[in-house]
Each structure stands twice: as structure tokens, then as C-alpha cells.
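Presented sequentially are two complexes of subunit A, the first with subunit B as partner and the second with subunit C.
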Partner chain A sequence: MRRIMMSVVDGKGFDLILVGAALIFLFLFSGLPLLYNILMSFQEVDMFSLGKFFRPFVGLDNYRALLSQPAFWPIMWNTIVFVTCSIGGQFLVGFSLALFFNLNFVGSTFIRGLFLVSWVMPGLVVGAIWNWILAGDFGVLNYFLENLGIIDEKIFWRSDINYSLWAVIITNIWLGTAFNMILLSVGLAGIPEDVYEAAELDGANAIQRLWTITLPMMRSTIGAVVSLGLIFTLQQFDLFAAITSGGPANSSNVAQYWAWELSFRQYDFAKGAAISTLMIFFVMFAAIVYVRSTKHEVRG
Partner chain B sequence: MTSNRIQYTLLGIAVIFALVYLFPLYWMYVTALKSGTEIFAIPPTFVPNEPNWGVFGYVWEVRGMGKFLWNSLVIATGTMIITAGLGTGCAYVLARYRNVWIDVALFLILMLQVLPASLMITPLFVGFSQIGLLNTPRFAVILAVSAKAMPFFVILVRATFMAVPGELEEAALVDGNSRVGAFVSIVLPLAKNGVLVSAILIFMQAFGEFVYSKSIIQDVNLQPASVGLNAFMGPNTIEWNNIMAYATIYVTPILAAFVLLQQRIVAGLTSGALK
Partner chain C sequence: MTSPLQIELKAVNKYYGNFHALKNIDLAVPSGTFVALVGPSGCGKSTLLRSLAGLEETSGGKMEIAGVDVTDMPPRKRDVAMVFQSYALYPHMTVAQNLTYSLRIQKVAKAELRAAAEKVAASIGLTELLDRYPRELSGGQRQRVAMGRAIIRNPKVFLFDEPLSNLDASLRVQMRKEIRALHDRLGATTVYVTHDQIEAMTMADHVVVLRAGVIEQQASPMTLYERPTSKFVAGFIGSPAMNFIEGKICDNGTSVMLEMAGAPKLDIVQKVTPNMPVTVGIRPEHIRVAPSEECDFSLPVTLIETTGTMSYVSLGTAPELSLMLTDRTVFSVGDNIGLVVDKARIHLFDPKTEQAIT
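Let's look at the complex of A and B:
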């Protein structure tokens, strides 16, 4: 007993307790639910069997039922569009801003930091503000676009099935740009100045320097930013709840919102679990790509 | 001289970028202060004609915001305590050693970090309902949000601990401190800033949490402000000035904390997030 106490205060036991407490907590409230989710996706789960521990197994029926729903492929396509366009937009705007702020002028660090407010705001608040900006008749975005001559008539962002997904994408680009920019700024700051000077002496112009120095040297940062973007975009839920609720007619529905809808609107927990399982494997794949792209950085 | 002029031109452009980017925030504040008819003016007014400052008190009263914000505060504080309490020690050990097991643990933690909350809520809800945790819904939400936030916290704080020189701890051990003593009196004080900033970030995230609260907490009296805001925004709402006033009350404390701590937060993120 004394030896155990000693180890806790002054040996390996101390490390084990510190790591163990956190890992056990994570296992109970993250790992176990993950496994339970996979189990449920092969079971029949309805309101009556919800409280039971032993439920009938139905094999792949939940997955089959999911695939046979007419909404399945459109929603998957929406997910792909949402993810690609969000990441693309966030990256392009974020990278341009990072390049600009990398010019290191007076106050650049402070102003760059201000952009991050979008990232600390509650998702629901961001959604509420953009919900109002994107309003059809009285939205300020339509007003700007009309005055700039970009559109001739008002776009009903939230209720037109051709635009509803774009309403969420625009908001998500706004939300994620700042975080992209900060991470890319770190990468840019890590490129030694003399490489540029040498290239300039050799007569390389700004665009050549961007293509032959900046982008190749930023490869691992860009890899990390894009895979983090993928992970964060697939987590985006609040904006859908605040702006379109996946509608109209599923035109702005994506996998992660659909999974929640199936479970908590239609109480079809088995199908919700099935789509969650599919998406979780996909997200984990992205995470592995992310870990690989930052491997040497993880090792310090 | 010319170099100065370039500096100020760049600064001017930067300010314009920031103003454009932060316009949605401005629009929230301005809309909140407009009257119910002015918000529908065409063309829209960019400075309210007669700022209606009473709107905040009105919305606070009518929507029962005190209750909502209190619940958000309870959830955020609980999450911060559990996450920092369990995560700090874990991050310390993960920073102290270099071996295969540490890599495995880090990899597992990263994997858990990426699980989307809206996907995890299905098994969490069913599991919680089976073990009776739904009877204490706020506590259930705190547990779920902590599990979601902990990996991020551990990774950020681990970077802080890595920056503490190992020699200091060794010196303390040579001087006769126990491991616990060296951790509490030497390592922890040196890493205090990083731990605090990360804990504040977790607090802010939990303060705005939505999907777990929305799914788990059915009782309106126990719901946080995010769920209250969602309920306020019906599909055909026209009360945009009141909704924006609600959003203003909800988000302003977070923005104030962010502006005060901005430099530390950005520094913490940039050192930790990519590593």
C-alpha cells in the first residue's frame, strides 16, 4: 500500500494517473459512444426499444434503407459541394489575406488578430446575423449586389432551392476564413527572408516567387489547413440549424445535419446511427491524412 | 519618407479589409438599435435614425434571457472545470515523454477530436437515456461537451508544456521535491498562461454550444442561450431588431473577452494548433 502511495506521489504512478484519468473520461464519453454507434447501426432501434440493451439485429438493413431513400444521393452531393466550396473559398480568401498581412506593416498583427472574432462567436449567433443579411426582400446583401450591378433582381437565398445551400456556404466561408488565415500566416512567417532575396537577385518576379518558393515551401502547412478545413466543415451544424434547417425540400441538407434530423426529428435512431457511422469513417480518413501531413511537426 | 507612406497605405488597406470583414457584426449592432419599421426601410439605413436603447431591456425581459444565459454559464463553467481538471495533467505527461505509447495516445486523442458533434449525439443520447443521465440534462451536456473539447485542450496545452525547459523540473527533483511537488510548484506556474488561455477558449466554445444542448435538454428552463436564440428565429419571423438585440446581449461579453485577450489567444493558437 505504501509503495503504491509512493509511486503515486513520486513515480510512474503519477504519470499514469494523470494520463489515465483523461483517457478513461474520453473513452467513456467519446470512444464508447463511437462503438455503440456502430452497434446501433446494425440494430433495429425505435421509440419502444430505445431503453433496452438487447435489440434485434437487422444486419445491413439500415444501410440498405438509407441508400434506397431518394434523398440519399442528393444529400451526399450537397455534402460534397458544401465541403469543397467552403474549403476552397476559405482557403483562397484566407491565403490572400495571409499574403497581404505578411507584408508586416504597422499594426498588421493587431488587425489580423481582429479577424478571429468570427471564430470565437457562437455558431448560432453567426447564423442569426447571416440569416438576416441574406434575407430576400430586406436583406442587405441583396441591396449591395443590386447596387453594384451584379444581380438584377433579388435572390431569395434561404428559400430558393438553387441558392439555399449557397447561403450556408457563404456564411461558412466567412466563419472559417479567419482561422485559415492565421494558420497560413504562421506558415508564411516560417519561410526565411533570404530565399526571397536570392530569387529576386536572380530576377524572379512576384508571381514566379509565389509559384516557385511560397507554395512549395508551404506544402505541409497547406496540407494541414485543407484537412483541418475538411474536418471543421464536416462538423458544421449550427449554421444549417440557424439559416435553412436543411430546406427547402432538402436542397441545403448535408450528411451531418441529416443524421441529426433522422434521429431527433423522425426518431429513427438506427438510420441516424448508420449515416453517422459512414461519415465518421470518412472524417477519420481525413484526420489520418492530416496527421500524416503534419507528421514531422508532431514530432517537433 | 516613402517607406512610411507605404506603411500607412498598407495599414489603410488593412483597415478597409477588416471593416468589410467585420461588417456582419456592425450590422447586428445597428439592426438591434433600429425600430421595427426602420429595419424594413428601402434603401436600408446604415446609421439608425432614432437609436432604440430600450430594446435590450425589453428583449431580456420578454425572452427570459437571464435564465438562458445562466444555463449557458453553468454549462460553460462545468465544461471548463472538467476539461482543464482532467486535461492539464494529461497534456503535461504527453509533453514530458517521447515514446511509441505517447504517439499512440496522441493519435487516439486526435481521432476523437475530429468526431462531429452532430454525429456523436445519436449514440450519446441513446446511451444517456439508458443510464438515466437525461434526468440531469445540463450535467449530461457538460459531460458530452467536455469529451468533445478535451482533445483540443490537451493539444493546445501540450504545446505550452513543451516550452517549459525540462532542466527546471529536474533541478527541483534533485533538490528533493517529489514529482507532485515539482509539478505543482515549478511546472504548472510556468505553464499558467497557456493553460489559462486554453481554458478560456474552451469556456467560450462551451458558452456557444448548440447541438448537444438542443438534443438533450428538453426543459426550457434548463436550456442555454444558443437554444433560446434558435427558438426565437421562427421561419417567418419579422422581429429582426429583437433577434439582433438578443444576439448582441449574448455575444458582446465574448467579444469583449476576446478583444482583451486577443494577442494571447492568437499566440496560443498559432503555437499549438499546427503542432
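Let's look at the complex of A and C:
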């Protein structure tokens, strides 16, 4: 005890204590549940063995059972579509807005701040609002599209199997755009004005400047935004619960929602755990990209 | 100065809201000339340079580069190259990529790029550094890359915006020579902004002194030094700065009486109305120490600063008078020394208009 106290006083080993505290915290609240989840995916779990730690080991049976379900591949495909389109949409809209606000017109900082409102709202609230917007009979989205002449008849976004996934994607793009915009704005602000001026004098037009200066200099920011987006999108659960509940007929179901459905609706904890374990690999991949992109910061 | 005009500005004006940053600037720069824009901070010299580059929009007037009206032309079409104070190198590109950026924008074939970069790099001593990134270079090397990026384009005009202000003193002296040598070798037309009058005097063929958005005087460096048209220019050009003493022309109109202890009189060469109050300007290097029987006046020494090559001596009067001596001082602080002024080099200014009286 005295040695520990001494280490705090003279600073020696104090850094180890700080790192240790963080690691213990992470292990207890993130590491253990993760490991328990992986373990559970290899066990036979039912309502009676739920409280036990040692349960019959079944190897890859849970995974095989999942793969043999007809819904498996459609749901995996939905997950890929949901993730790619959400991130793509959030990034494109967010980046356009960031470039727009980077013009620094009067009030731009204030309005940019207002955009964060969408980011701070809980997913369930956002879902509820968008349910109104997306409503087939009286929703403003249909009204808008009809009046622009883009559609002839009303789309029932939430109940049409061709559109249900897109209803969630559109909402998720709205939800995540502000976050993308803020991070990308910070990246843009980090590029000195005179570098643009030099490029302009070197003969580059606006599009050439975007490709040769802005995007390459934002590489680390973009890497961070996209990988964080991947993580957030794979975690997105609230919107599915609020808008489509994965339906109709699994047309808008994705891995993370399915995992919850299996575990807490059908009480098939083993299969739910198996899906979660599969998703860990995707998230790990995103996390590695994120860590790498923040490591390679390039600033003059 | 019979060569054609490379830059011509006519009545260029610039407003920032209500602030009148450039007032009716007229400037004609013959091809191959090195022009320095000099003045205190906020005088508009950088604004003028950036307007010429097209980075600032002017509010009125006309600008021509090589006979082409560029007033409303975007920067990328003006064919001017600029070296920024911060160098503004592209941090994500190697030195070679920085040098060839403009060529790549023009879609020059890849095979030619490396050759062009190597040629320019060799001419300014960057050959070893072609594959480095700007963050791996020293200040002087970055400065060279910025210059190389301008040279490779062979532009109509070179613009320099205080390029040496981030370098240490000895490097600054060296780069001063290199930039001038480069200008001569390329036969370029150069506009160079600086707040350092020594840079302007040593490098330029033609110096433009700006003050509060107005051209105070433009002339060759020696003309500015010998015949400043205003008290401002007289005080700005030359180091240490010119001494100004209030005085009054005597009844005879051929000498001036200084308002200081003993009310000494100095003969003058200018023709001035008798009894007129004047500001007398005397450069520190035009006063010398003399035995008391020959001197114009004598003053007590309050401070001696010696650099080895020069001694700067401050003399106790109000305002303080300074003089510059190249020979070793034989007096010390507190001594009264006799002084002689070089009469042919006395400058007279009207105290109200601050214009020179000739």
C-alpha cells in the first residue's frame, strides 16, 4: 500500500495506475460481456439454463442453424445495403453541408450549430417524427414528391417491402448527417487558406482544388468519419424499432435488430449471440480502419 | 526603361466596407524590373499584391499584365506566380509533387514532370530533397520549394509576399541575394512586398513606398534615399532613421536656426522664404564629430552602441539626436562633443504638409 502511495507521490508508476484503471473498467464493462457473448454463441441456451455459466457445448451448431434459416442471407444483404447507403448518404450530404458552411457567410456558425439538433435527438424520437413524415396517406414526403412530379401514386414507405428498408435509411441519413458535417467541418477548417490560394494561382479550378487539395488533406478526417459512421450504423437499433420493426416480412430487418429479436423476442439467446459475434468482426474491421486513419494525420 | 510595360495599374481602388485600403494606385512596371512595395503594417502593400494576383477583388480601376486586362480575371488565368509568407506548400505532396503541381493541372505528360522538377531543383539546390515532404524540411528549404514552384511555371510576373520574414537573420541576407540573382537569371518581372526597407533598398530597381493606401513616393532606391519627397519617406528609408529637428529659416533665407540648446544656425542650399518654420531632416550618417572650434554645435553623449563596424551615438537633446560613426569613438557617455553637419545633405520639410522643400 505504501508503495502505491509513494508511486502517486513521486510520480513513478502513476501512469501505470491511470492506464490500469481505464483497462480494468473496459475489461469489466466491455470485455467480459463480449467474451460471455462469444461463449454463449457456442452453447445451448434455453430459459432454464439462462442463469448458468456452464451449459452444454454445441460447437458451431448455432451458426449452422442461423445459416440454414431462409431469412439469413436477405437480412445480411439488408445490413450491407443499410450500412453502405447510410454512410454514403450521411457522408455526401454532410460533406456538402460542411463545404457550404465553410464559405463562412454571416450566421454560418450559428446555423451549423443548429444542425446538431438532429444528432442530439434520441433515435426513438427521430423515428416517431419520421413516421409522420413517411406516412403513406398524409406524409409530407409523399406530398413533396408528388408535387414535384417524381412519383404518381403514394408510396407506403413503412409497409411496402420495396421501400421499408429505405424508409429507415433515409431517416438514418438525416440523423447522422450533422455528425458527419461537424467532423468534416473541423477537417476543412484545418486546411490553411493560403494553400488554396497557392493552388488557385497554380491554375487549379474549384473542382481540381477539391480533388487535389481538399480531399487528400482530409484523408484522415474522412477515414475517421467513415469508420465511426460504420460503427454507429451497425449499432443503429432505435430507428428500426420505431419505424418498421424489421418488417414487413423481414424486408427491413438487419443483423443488429435480428439479434435483439432472436434474443429478447424469441428467447433464442444462443442464436442472438451468434449474430452478435459475427457482427463483432465487422465492427473490429471498422475500428482498425479508424485507429489507422487517426494515426496517419498529415498536417504541414 | 524603354522595355514594354509588364504590369500597369491605373487608379486602382479597394474598399473593405468603409475602409479605403487602396487609394488611386497608379503603377507602371517595365518588363524585367524588380519592384519592391514597402511600407509600415496596414499600409496596403499586401492588399495591392493580392489584388494583382487576383486573390482580392478591387473596387475600381484597371490592371493590366503584359498588355492584357486582368481586372476581372480569376487568379488561375492571370499567369502570375506567388511566393507566400507562410510558403503555402502542399503538405500532402513531396517536394517534386509540389514543384510540378501546376504542370499536372495543365496535364503535362508524366515523363516530362520528373525532368522538369529535377531541372528546377538543380537550379535552386533542392535535388537531394525531391522525395521529402514539406514537414521534413527546414524553413530555408521550404522557402526554396516555394520559389521553385513559381519558377517551374515560367510566369509573366513573380509576386513575393514578405517571403523572408519567417527566416533567421543570416539566412535572410543570403536569400535576399539568391532571390535577386534568380530574378536577373530569369529576366523576370518581380513585385516584392516587404516591411523591411533594407530588403527593398538592396533588392529592388524601383521602390514604391506606401502609406495608408496611398503611394507616398516611387523611385529608384538611391533617389528615395537622396531626395525623399516627404517627411514620411525620409524617416522610413534609411537606418538608423533620419533625425528631425524643428527650426526656422533666418532673415537672410540662406540658413536655418535649429530649435535646440544654443540655437545653432546651419547654412542651407535650398531657396526658402525667410522666417518660415521648417522641419530639418539630417541623416545620422551625415553628422560627424569635429573639434569644438570647427563645429556647428555641441551636445552631450547619452548612449554609445557599438557593433564593431559601426557606433550609434545618441545625443542629449529633445528630441534625441542620433549619429552613426564608422571610426572608433574616442569619447564616452557624458562628454560634450562638437558636431559638423554635411550641409549639402540637409533635408527641409514643411511642418504642416510634411512635404519636402526643394
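The rule is short, and it goes like this: the second predicted complex is superposed on the first by the 270 of 300 C-alpha atoms of A that agree within 3 Å, B and C clash if a C-alpha of one lies under 4 Å from a C-alpha of the other, contacts with A are read in each partner's own complex, and residues count from 1 in each chain.
Everything that follows uses one rule, which is that a contact is a pair of C-beta atoms (placed from the backbone, for glycine too) under 8 Å apart; a residue touches a chain by one contact, two chains touch by 3 or more.
Quick caveat: nothing in here was measured; it's all calculated off a predicted structure.
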| item | value |
| --- | --- |
| Superposition on subunit A - do subunit B and subunit C clash or fit | fit |
| Subunit B versus subunit C as contact partner of A:Y36, first or second or both or neither | first |
| Contacts of A:M279 with subunit B and subunit C, given as first, second, both or neither | first |
| Comparing the two partners subunit B and subunit C, which touches a greater set of residues in subunit A | B |
| First (subunit B), second (subunit C), both or neither touched by A:V291 | first |
| Subunit B versus subunit C as contact partner of A:L183, first or second or both or neither | first |
| Contacts of A:G203 with subunit B and subunit C, given as first, second, both or neither | second |
| Which of subunit B and subunit C A:M217 touches, first, second, both or neither | second |
| Which superposed partner A:V195 touches (first subunit B, second subunit C, both, neither) | second |
| Gap in Å between nearest CA atoms once subunit C and subunit B share a frame through chain A | 6 |
| Touching both subunit C and subunit B, counted on subunit A across the two superposed complexes | 298, 300 |
| Residues on subunit C engaged by subunit A in the complex (per definition of touch) | 53-55, 74-76, 78, 80-82, 84, 86, 88-92, 101-102, 104-106, 134-135, 149, 153 |
| Residues of subunit B touching subunit A in the complex | 6-8, 10-11, 13-15, 17-18, 21-22, 24-25, 27-28, 31, 39-40, 42-44, 82, 86-87, 89-90, 92-94, 96-97, 103, 105-127, 129-130, 143-144, 146-148, 150-151, 154, 162, 178-180, 183, 201, 204, 207-211, 214-215, 225-226, 229-230, 233, 235, 240, 243-244, 246-247, 250-251, 254-255, 258-259, 262-263, 265-266, 269-270, 273-275 |
| Subunit A - residues contacting subunit C, complex | 192, 194-195, 197-205, 208, 212-213, 216-217, 219, 298-300 |
| Subunit B contact footprint on subunit A (complex, rising order) | 9-11, 14-15, 17-19, 21-23, 25-26, 28-34, 36-37, 40, 45, 50-51, 53, 97, 100-101, 103, 105-118, 120-126, 128-133, 135, 137-138, 140, 143, 174, 177-178, 182-183, 185-187, 221, 224, 231, 234-235, 237-238, 241-242, 245, 256-257, 259-260, 263-264, 269, 272-273, 275-276, 279-280, 283-284, 286-287, 290-291, 294, 297-298, 300 |
